[in-house]
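Pasting a structure below so you can have a look.
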């Protein structure tokens, strides 16, 4: 089944191929200029910090539906082992970890999604091999930090949590920006809150995983027009799931990652930050969210921190 | 062989047990107050960024001497896999990773080292089990960010790289602070440069691993007096190796992690940052270096970024 | 809660500590003498083979209830990679695997279970460390092969599958031996069929995992009297689960592994073999079931084959 | 560089495509008929057993030259953990393992090698994907057991160990069969001893890995003429390395795996077995060497046992 003309029209509108050169592998992260970073730094006023990462734990959100996307398993490789054989001297405990890169809080690399044999900037999908992403891997992203803006769509629509399956539109994003009293600027890092994370906090993993409120086809132009540098949500899918049109599965992944080169973040825990923003009415902050530089990685774990 | 009295005397001098309460598991990270963070933010002036992380790669620094401390191995769990079976629609490439937590750029958790049955704050070493660190795990650290100060000891001593095995003293640290023109303040994050990373850049892994220039017994009081929040170096061992006194193996680990509760970072790549500091004469910056919150982890991977 | 006197009395009766010397780490596997092996070889008459192993697959029986006991995840480390860069010459595809040792078809090492600080033969439980089993690890087992006897308890009791939670007694084992027309001899390898595997074949993983029909306290003397070399079942728990007495959790593990030194096998797929035995009335065969020799392993994966 | 005509001529001579049907994925393992298995069983006379597996250990033979082919790392997921919280009752120690499938003693799946886009029986190399071998995976092999014949080439040539890099010919194999006094029959399992394992036993891993004595182009017809069911050696490469002709890298892999469908085994420890055969002059035995049935695996770990 071919993708519908509506999708292709939108793709043409938001496409960024070539915008930063034919060899570019970073897409909208190029918008993180020194100036954008300074704007981000200026948004840190009080020094109050919010960690947005899920713990890396075997009790993480994954339930095994995606083969290999396993919750982090951390095991001991030494346990109070005396270096010299004498426990009154130095002893060490070390560990190792195995995990699905996309299991917890992470950024998708631009190479994570493809269609019609292409990834971002027109590179062939075949540049992704068993050795990983030769092009547009997460190791090409570099530091992801700048001004963060919380778009609390749930609060803007007057609910604690969007209905699972709610499709977020450009109007919803504008409403959230209005609530925040913020004009989103080129190079901002946007955190879109659905409230879905409340399900995970409440222990409802199945409910957390699906269905999922998220960005819809009708939100993509907004992201392009505002020249957002990267966007993350508090869900596992990022976009609305199930998808809206039978003939366009997970279209936002394709429009963001492939067409725009917009790096996407998932499983960001926005609850404590959102409560604070609601409290003081300030929805901007410095966001520091640099992924682990996995060589040729299709994604990268990240421990994001917001500083207000 | 008992640890020498000199060690114990030093331990008593620098000890921080109880300083932040009997239940404290964060040690000197408590010095990262809102004020210290604001001081850090103020040190970001231009927005120029420096990534201090080694790539997570199977070509990483480990050579297999420490069983289980393996370089990161990232393998594909799906490769341009069409979600609906139709490759003209959305296809995904996902990966997983297995690695020694301490293999590349990382922070040691306070629970990483013990002696005489104790970890930081007097908790029993037996609180570390096959399930990891019940106390003082890296998941207790929280955000690590604030004002970073580069103490370029190599440059202060007029060399590109300290001799492998050079033992850094308090005087050396003071000389580097003088070079930097910085008064290190409580809650600062200190990066100590030896230049050892040049060996790794040059492909000399064996040389990089040992011997190692690093902090010595004679540097510990300096760290305590300046109330440093956390310290990292550009080596795999952090302290000088081989150690100086036969009767005190790896004493700085014990004095930092166990006695002071000072979180230590290893394998920070300081070369590009150091070149820039030498260039503009400015050795302070905002340092964002929050570890992956591995539940009960004995360490945490980190992708540190300095912003000048 | 102390273990009940009934348990301790039984423990004294079946105990094998010291029987094969104070340094023995193999327990009843010592009964696999050359003669016992020859008896096994003689039981292979037609050459017909039955694989008793579950596939090592991410779709394996584990559902995540036991942290770390993950189904096997096999990923590619190279994929038709041309050795010389030229795909018209030799290309290789390699893989790696990560799995819980006890995830699929496996033998428990004697060191797998302990109580009151002891494992088999009185060795301290503390001989098991983060480095694994210094004593009684699976690497001490050696070849496990000899005469296999299928005790089809389900068929002996006239059902296709024992009720989940059914507690198998000595009488049941005798009934199955009668059905088989076999006198179990010292050094035989006994496969006890409950039919529970049918649940897994039918896709009912939850039903397969619990509750479980299995060997009960009232079967242990039978195993000891017949001097069985090793025993395996077609379930994940091996013994009846939930256990029969509140004050004696999983007692058969303790009596077999710790007291008798009887190596136990789990998740053996006995369905095809059982059908053939029912067909031709012959319940003995050569069983070849040597575990992977994992150094210091608490268990070992095994690909058992029965030859009739 | 195209493969030379000599190679192609040999390929045509030994090719088995279609011999067992167009859908066959087992190649010469089809020769393991009931009769061949009975012949194997008859070769077990005394019941004496020899384990041919290397221990699965982090001290295994791999030195890191092949990315991802890591020695087995076995870590604890529980350590004498009381099931009910009471250590006077049942406690469990469990483990997990991560390893390169081809790291220690293993069989290559037929899908392990390809050239010109083909694997065994003409299936496309593209049937191997990130999900593994859809065709000719190790899970298709089934039980590998039958009559084993030790061809002790080193002994036949009057040395303890063949020179590293020695290229074994058909004449050498015949000489070893003569020494053994055995006529190799269709469906036999052949173990070719070079003595290279002595280097590993002596701790010389580098010497063990390369160069390697092994089967050469001039041995392939012998294997085909004798209709061997599977062949294994005591080296890491199986065939002679470095290869003999610049224009034909690792040709035996292609001729065995791709053209003949002959399953190959590596890292079989033949030392103790060979000593016994030299002792009693009997070079045949029952060989039980069924691989772990890794779903879609490109190879399978195996714990082979010879019974004389």
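Residue numbering begins at 1 within each chain, and the chains themselves are lettered A, B, C and D in the order written.
Quick note on the criterion: a contact is a pair of C-beta atoms (placed from the backbone, for glycine too) under 8 Å apart; a residue touches a chain by one contact, two chains touch by 3 or more.
Everything numeric here is computed off the predicted structure, so don't read it as measured data.
Of the two chain pairs examined here, B-C and B-D, the one linked by more C-beta pairs in contact is B-D. Measuring from the averaged C-alpha position of subunit C to that of subunit D gives a distance of 27 Å. One inter-chain figure worth recording: subunit B and subunit D are separated by 45 Å, centre to centre, where each centre is the mean of the chain's CA atoms.
With touch defined as above, residues shared between interfaces to two or more other chains in subunit C number as follows: 58-59, 67-68, 70, 73, 75-79, 93, 96, 98, 129-130.
If you sketch which chains touch which, every chain touches every other chain without exception.
For subunit B in complex with subunit C, the touching residues are 73, 75-77, 79, 96, 98, 130. On the side of subunit A, the complex with subunit B involves touching residues 1-3, 33-38, 41, 44, 46-49, 51, 53-59, 66-70, 72, 74-80, 83-84, 86-102, 111-117, 125-126, 128-130, 132-133, 139, 142-143, 145, 248-251, 253-254, 286, 288, 290-303, 305, 307. Interface of subunit D with subunit B (complex): residues 58-59, 63-64, 67-68, 70, 73, 75-79, 81, 93, 98, 129-131.
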